[in-house]
Amino acid sequence: MTDFVPTPTLPAPDIVRCAYMEIVVTDLARSRQFYVDVLGLHVTEEDENAIYLRSLEEFIHHNLVLRQGPVAAVAAFAYRVKSPAEVDAAEAYYQELGCRTERRRNGFTKGVGDSVRVEDPLGFPYEFFYDVQHVERLTQRYDLYSAGELVRLDHFNQVTPDVPRGRAYLEDLGFRVSEDIKDSDGVTYAAWMHRKQTVHDTALTGGDGPRMHHVAFATHEKHNIIQICDKMGALRISDRIERGPGRHGVSNAFYLYILDPDDHRIEIYTQDYYTGDPDNPTVTWDVHDNQRRDWWGNAVVPSWYTEASLVLDLDGNPQPVIAREDKSEMAVTVGADGFSYTRKDDDTAAEGFKLGAQL
Amino acid sequence: MTDFVPTPTLPAPDIVRCAYMEIVVTDLARSRQFYVDVLGLHVTEEDENAIYLRSLEEFIHHNLVLRQGPVAAVAAFAYRVKSPAEVDAAEAYYQELGCRTERRRNGFTKGVGDSVRVEDPLGFPYEFFYDVQHVERLTQRYDLYSAGELVRLDHFNQVTPDVPRGRAYLEDLGFRVSEDIKDSDGVTYAAWMHRKQTVHDTALTGGDGPRMHHVAFATHEKHNIIQICDKMGALRISDRIERGPGRHGVSNAFYLYILDPDDHRIEIYTQDYYTGDPDNPTVTWDVHDNQRRDWWGNAVVPSWYTEASLVLDLDGNPQPVIAREDKSEMAVTVGADGFSYTRKDDDTAAEGFKLGAQL
Amino acid sequence: MTDFVPTPTLPAPDIVRCAYMEIVVTDLARSRQFYVDVLGLHVTEEDENAIYLRSLEEFIHHNLVLRQGPVAAVAAFAYRVKSPAEVDAAEAYYQELGCRTERRRNGFTKGVGDSVRVEDPLGFPYEFFYDVQHVERLTQRYDLYSAGELVRLDHFNQVTPDVPRGRAYLEDLGFRVSEDIKDSDGVTYAAWMHRKQTVHDTALTGGDGPRMHHVAFATHEKHNIIQICDKMGALRISDRIERGPGRHGVSNAFYLYILDPDDHRIEIYTQDYYTGDPDNPTVTWDVHDNQRRDWWGNAVVPSWYTEASLVLDLDGNPQPVIAREDKSEMAVTVGADGFSYTRKDDDTAAEGFKLGAQL
Amino acid sequence: MTDFVPTPTLPAPDIVRCAYMEIVVTDLARSRQFYVDVLGLHVTEEDENAIYLRSLEEFIHHNLVLRQGPVAAVAAFAYRVKSPAEVDAAEAYYQELGCRTERRRNGFTKGVGDSVRVEDPLGFPYEFFYDVQHVERLTQRYDLYSAGELVRLDHFNQVTPDVPRGRAYLEDLGFRVSEDIKDSDGVTYAAWMHRKQTVHDTALTGGDGPRMHHVAFATHEKHNIIQICDKMGALRISDRIERGPGRHGVSNAFYLYILDPDDHRIEIYTQDYYTGDPDNPTVTWDVHDNQRRDWWGNAVVPSWYTEASLVLDLDGNPQPVIAREDKSEMAVTVGADGFSYTRKDDDTAAEGFKLGAQL
């Protein structure tokens, strides 16, 4: 196991929430079709190189930037901090960690001002900003409300080989763990970490990394998610539905995973729970609990464990991917996931009892 | 292919709708727990041998009879006819067909009067009755309305080896086809047939039969079905969720398949469409259309194709199961179902593109 | 009370369902905005004089015709009959009744063939047709599915002075009563009557008539109706929401009443119940039951009782309106509706206990 | 206008959220029926004098205490603070303000430890605590999930004569304003104030006070609120539905107001929006905007403006009620609310155009 990231002496920046992701797409027009025509995100601004999108209830300039580029990847996981001074704090914090940082007073994207981007100790491109252009919050623009409307950016999800290392680093940065998945040998497979009062602003999924597992948008209700599936069926792109819809064990949210034209994974998510109390109970799931990833016991498809997006360094080159050394969640649950025990001490169950498994 | 069932010269009985199913269960207390405590069906009446259950909006005595017995099976698929005279018509009709019939003026079950049961040409125990005890319709008893409330019996589904033969027989009996699944060789894999103004009162699924594939209850909305999944998760019986929830291609209904303690399959179903016009368009699906069984392209689990309940003859003995000779839907779609084309002329699609399939 | 309509010796035409309404609007562009842009009905065809609209799951040419004209009114309540011969039956039936009839082999509107229109004994312009152009059924076009999507034409509602007279006439015509509102003096205030297997194809509301009270479209779920309200709020036309949303006592449906630019009243309606059995129990409500019109006891606004649309004779002139002689529902419930008893034998309740009533 | 509350020199306690309300009820058994049998709140603990209730997703001992007493009133609005030390901070803060305080190391109610209660400058009994017993969080107990399940305590609402005075005091205490209602003369009619990242933890409604306007619980979706109405209809207590359901203008939440057996008002509330950013835009509504209180323009019933619950001092005696001197929202909108303009520059609108208003 790699050495832990040292804890800086400087105070961590005061992070408010995950705010936007910048992704590189290889065909901007094709991606626009997916995010705007299919998913209904709202265009704040666009030019030939980039499209700035926001969800219905957002009042900052964007939650997602699509940028045309040669290789599909993620250019930034951007967090909003509590004040302009916290951008300074972020820069100093990462410099103490020995990370490469880049400060731009006019921001890295349109609509955002003074920002710092860093190559963080896990290899991810993190951004911190406060200054941002306010735009019309469309909350009550029900004349624009589509049947599958996305109303908020909810969270990021990052793949990293060593989850405890990443978790300790993010805890130092001020994140708190709401839930995690472990086994009886002490291996951690995933952890959910939050700043705002939901289950997560980002999660760490154990695997070869650094890679971006998904970015998630929230809907108001479950039927909105079902409509997205129905619409993808109508458009004959049901093969881009990767997993779900279903009910998560972890987070309790109703979920759906879909793939954009570059295979960037998008989660649609609704109805997790309030985590704002300082002693919010952490929920630990056993990796052998078949309901942890899907409360209904539906199997996780292998691609969901293995596929993820590259992330870029500050020069725009893909970060090399380091293999996970710990046991993989897929390996320990294969032939079992979707089919293994859901009741303890159930012998027949241990052999798998969804009949489908036996064929 | 077996010879077709002859068309009687006598008029077919005027069937109103599917009305109830009588099933044999091997542990009545355990089944009660499933149908009453988990699914929330309402008990009209019960004794040590049988439980009479109805859905919220039903006004006749029952939609489901659970009867204790040695072998799990289906004792009757019961249809309501339009008047007392139609019971006579049914008896005469099946007698002309050469089928064994049994008439009971006081009914075969509590709450039902003059009835005839027959061993039909496909080997199924069909019942026809008009006279029935009216009970409180609980439609506005919202004080009894559970989060996953079942509000109507919707349909039966029967497994039979030769679908065109069964279809022609049911058309003679007055059923009309709303949808079917075929291939370009002219093989029919399944057909949906109705008397009331919904997609079906019963469907024929091609396979080894006669067997009962499932019986379906309707909910008001989609979230009611999701709640049933959530509750089964909470009760740690998620392994009894066999397939779904999902959106059907055929029928357009939102669906879920679950298994009772004897592996009788129950569908929970909502929001198909009106079929009452005489020229209601029949929808034919290509068996190779990956969205026919699940509009979102999620794979059908093999057990759903292979497993089904035995049916009883009028002496209460299981009918022998005859193998299907035509191609099986599972066989022609395996390695493809959930993974095959959804867009015509899509070469890569033809090879299967859900990554999960390749592992 | 007027004499009852005589029962013809000829058989009544076999009516399938309410199929479309033709309404005259005074500003076609303004009405298009309401029905297409706000409500999302689908345009089958249009020209400078008329727009032909259908709901999502419809397969016949239209459910609503908007025709430009000088006076807002209803030109036809059109029913589909079971076969071409039933149009002849309808013509003969009304001729025996002494009603004026007009037969057009090429139909009165685009998309509809051989039809007969009549001035019925209550003064309403009824149409009967079988032949109609089939169009794309948009059931699974979820790419077109708006958040407040209207999926079916559900029913008409007619205002007539003498409800028992109208009811007897419609019963002769083959309609069956599902529910009605009466008082202990034997006065009937309203009756709901069906051919298809729902609560109604049309209803009779006691009042000055003949007038059209409303035409109703169904949504799939309750949230679709709420979205229509939300959208009307966003468009700052909340003053066109006349009543609701709410839960009906009668029919148990979730409802909303809105007004089009000519004050034609539209109901949006979802989730009534199956009425297809021959002995479907009729529900009679006491006019003094405060939950009959709104299950939650919310008051009916007076305009809902008093306002309605004129109907045209076969020359296109408005039919004269005859005053109701029986007690009016509004009068017997005023000062009480929304405030009167909901529990029998509750003395304080009898005086009205919603505090708002006392101010 | 009364003098403003002075700003203390001591730091305000760091409040996490509204946590519970203690209310006095005059018939504990009758209130239990309402809160447990009708609304489905979960009993953590009870004895002959008090019942401790919590919502589904709560992990602290209770969100509502019902205590038997002679006069219906509110004994405490309790907030959770961030650490044990913040209870000291709260005590010192209110002592500097000259308020009466009472500290109890073992808490005022079961399940809660070290607490301070104060008679705040507006006359309300506020409590601050950190130490609390954790109990089972029922989030995934879908076997207990009722169709109208209440999942979180959302907010309090307090009636006070001078809203700007109360607002300044609460801003000093660390609350931030999300929305308010004003007029062009500068009168403030109401303000919504939050600590957690929702629209409010408490709101100030201008009126005779100190009184408690309502306490609000959240559901997951809108249909859960509709079910509560439907159930109250089924129980024939529809007269206890005071207002709604509807969509708020302010907060954008879907809402319902009901009355408990002592006329304490309960709001059921769902789907407001995220307010956690430091520069979350404040929304100011014009008191003459007819959609501010109900986005669909439905009238506010007068009782909603005039009726509210008494609050107790620390001896358990009702606080005297001081009359509001500023204009009342009801007075400035009467004859208009539900009927006034929704579109600026609409002359006819200004006169009121819901036809019901004219009768």
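By written order: A, B, C and D. Residues from 1 in each chain.
Everything below uses one rule, namely that a residue touches a chain if its C-beta (ideal position, glycine included) is under 8 Å from a C-beta of that chain, and two chains touch if they have at least 3 such contacts.
A quick map from chain label to UniProt name: A, B, C, D = 3,4-dihydroxyphenylacetate 2,3-dioxygenase.
In this text the structure is predicted, and so the values were computed from the model without any measurement.
> From the centre of subunit C, which other chain's Cα mean sits the farthest off?
Greatest centre separation from subunit C goes to chain A.
> Considering C-D alongside B-C, which chain pair is linked by more C-beta pairs in contact?
Ranking B-C and C-D by C-beta contacts puts C-D first.
> Distance between subunit A and subunit C based on Cα centroids, please, to the nearest Å.
50
> I'd like the Å distance between the centres of subunit B and subunit C, where a centre is the mean of that chain's Cα atoms.
It comes to 35 Å between the two C-alpha centres.
> Any idea how many Å lie between the Cα centroids of subunit C and subunit D?
Result: the chain centres lie 41 Å from each other.
> Which subunit D residues touch at least two other chains?
Within subunit D, residues 140, 221-223, 230, 233, 249, 295 contact more than one other chain.
> Quick check on the complex: what are the subunit B residues that touch subunit C?
By the definition above, subunit B touches subunit C via 16-17, 57, 59-60, 80, 82-83, 134, 137, 139-140, 151-152, 196-197, 220-222, 249, 252, 271, 273-274, 276-281, 295.
> Residues of subunit D touching subunit B in their complex?
140-147, 149, 221, 223, 227, 230-231, 233-235
> Could you list, by residue number, the parts of subunit B that touch subunit A in their complex?
That would be residues 221-223, 226, 229-230, 232-233, 236-239, 241-242, 245, 247, 249, 254, 290-291, 295-298, 301-304, 306-307, 339, 342-343, 349, 353-356, 359 of subunit B.
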